[in-house]
């Protein structure tokens, strides 16, 4: 009986603990949102920062979703931007061809987000099935390869539509054979321009919170445990009957679908979406957010994404030096965080230690 | 007419082998470092770019002898490689591989932005360092560039001497030992730190050679010129089986040939996509690359 | 009634016969010991039984079902669970979650229900928590349920591995040196727990152990493996007095 009471207590505590952590993160996002909105309304926010608000949201979504693959599933992916690219293009394509038929912006944009997510998710399943049997650095290089393929192939896509339907070519606009009054939507390297600018800070924040909740709830569920079990020890996971392939693909495709959402947000925020923006450099940028924010730490991913999106812009006064400083900060932080010597040093010089020493000194005095 | 088609095919093939030879030389740097330090040195491609700028400065800005330029580039790149290893990678010797990867990315950004600061954003036009005249064959229908004539034999020479060096020299055998089992190598009295430093030195020296060869053919030199060849050379190393020197050679040449032929016969814009697609297929059929060893996990 | 019937199970690695014609019959509810000197192929037998390696030859029948050549996952679903010689816990997960991973296949709800917190999520999670605590209490780990499994002391990590295996509701439990690295009193306590588990969960156990005295104390039957071949098999007193066994253990 006593045991049961104890169990109940610890169980309740457990729920409280994870809910509290979620509440802190979501509360933080909401407070930031309210503060930003107040600043905008009172005219106190600089244009620079205002233009970055949506970017912070989609980069945060990218970072949180990549964390699912890298931090929670434990598989290194260097092609996350490819999924964003798919979401950006399918979402923008949908919005462009339905801009005159679906008048309700909310419905159209919601549909665009769903389509972008599903398209990217399907690609995630496909790529996952193909590559997830590879491990470590091999997986990394193959995801990089897939990201580059998506980028290069979309770069030669020409898609237009007229009364007869959708026309497709990989050569040029002329070979689409559009009839009079037809419209070219995807123009090869020029991508898609003139997508309705439906992305707002509010929508971005809502999508970020939804993404965060999806991943947090996944992690704290049966499937999430299976995913983390695979990360921690795949041989043991198999030995308790966890279907490794299934859960790897599940995590990978959810991560891809959410990157697709970020892509839709991106393409509805700028004048032109071009596939060349989604190369491995972008994938690596997102990976940096994840690693600096802490593997498996979703809140850390969001914070890192926001800081590293804003920081380079605020370093603009240093002009050419800003990326140099960024690079140095990155190296120093990695060495400080992970270098065995630094870890030891931190252990011996931690704040706790220092206060303890001070207390002791006080007592002795 | 048919003969004319064949001639252009042969030209493409030779260009492909030539480009592939450059990839192999770069891939050696990746493969050796990966084999010994078990890390993906993302900044390796940028060492090539640095080599290109050094040669460019000595040749075009200072107007000195190109061969001197190449020699100085080799020395400076070697020092650069060793410095990077000492400052950025060595403190992370026992850290998780992802941390090392991100650090390497940081080093890559650092080199690119340093080059951007020093040399500006405008691309420089590189003058070929190879004083060999093109060879004209088949009554002028087949012309082989001087760069190709030098690159291919040089690549073979480098491969052979490196293989002999690793098999016969004490340092080379130490490298093999470290790549097989670091802890056991320590017990055998091998200085692991020194071995890793030497590996970086050799890889970076080779990167300087590769830069001279590559920029002589593809003359556009900017701060990001090293990144893509670097990635492709890494793909080549994986392709051939990472950690294997003949693998790097085979992977590099295959990659170069596939790239040039796709460019010529399929699509310029899709050439990279085709290269990456073939990499994926190879890895699916043989997950450790063409000459890679199979690793069985102990349960 | 036969729980496990293995006939002529063999595997070789590069010409070396790691396990050669391994045959054993274990009755339901029995506690069987598998002993042998280092490198005798004991863990390889476990790897063959659990599908980590595919046998070159032979047959494995579990409770009347032929499971030869199946994958690890399928074999676990058929009712075989194991522990590992070198502990393989889910290190970055809590003790409780480790056990809940073991409950994975018997307590299902969809990923969708998990993400959107549908009623089936709450219902199943509640049941899983209850079952997990029940198992943890058997091993005296309930107070550490929230601790990260890698922070448990060594002996408790071994116990947790057994708890996790038991959570998959196996018919046959394979324990690979469960007492390795434990002091005598810990070992004795563990053996009592194993005996308790066997009765309470109605499970058949095959156990690898180095310490012959320990095995003789709790096992009903013992199988001695040497260089991949059967050296002796039968009741403890017969096996331990077998001159071949003594020779293999003490050397010439």
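As written, the chains take the letters A, B and C, and residue 1 is the first residue of each chain.
Simple rule for what comes next: a contact is a pair of C-beta atoms (placed from the backbone, for glycine too) under 8 Å apart; a residue touches a chain by one contact, two chains touch by 3 or more.
Predicted, not measured: the structure shown is a model, and the values here were computed from it.
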item	value
Greatest separation from chain B - chain, by CA centre	C
Chain nearest the overall C-alpha centroid of the shown protein atoms	A
Mean-CA-position distance for chain C and chain B (Å)	50
Chain centre separation (chain A, chain B; CA means) in Å	32
Rounded Å distance between chain A and chain C, as computed from the means of their C-alpha atoms	41
Of all residues in chain C, the ones touching two or more other chains	52, 84
Chain B: positions in contact with at least two other chains	299
Chain A, residues touching no fewer than two other chains	235
In the complex, chain C residues that touch chain A	50, 52, 71-73, 76-77, 81-82, 84, 88-93, 96-97, 100-102, 104-105, 107-109, 111, 114-117, 121, 124-125, 128-129, 133, 137, 142-143, 145-146, 164-165, 167-168
In the complex, chain A residues that touch chain B	70, 76, 130-131, 133-134, 136-138, 140-142, 144-146, 148-149, 152-153, 155-156, 170, 189, 235, 280, 284, 287-288, 291-292, 295, 320-321, 323-324, 326-328, 330-331, 334-335, 337-342
Chain A-touching residues of chain B, taken from the complex the two chains share	34, 40, 88, 91-103, 105-107, 109-110, 112-114, 116-117, 231, 234-235, 238, 242, 267, 269-270, 272-273, 276-277, 279-280, 283-284, 287-288, 297, 299
Residue numbers on chain A that touch chain C, as the complex places them	3, 6-7, 10-11, 13-14, 214, 217-218, 220-226, 228-229, 231-233, 235-244, 250, 296
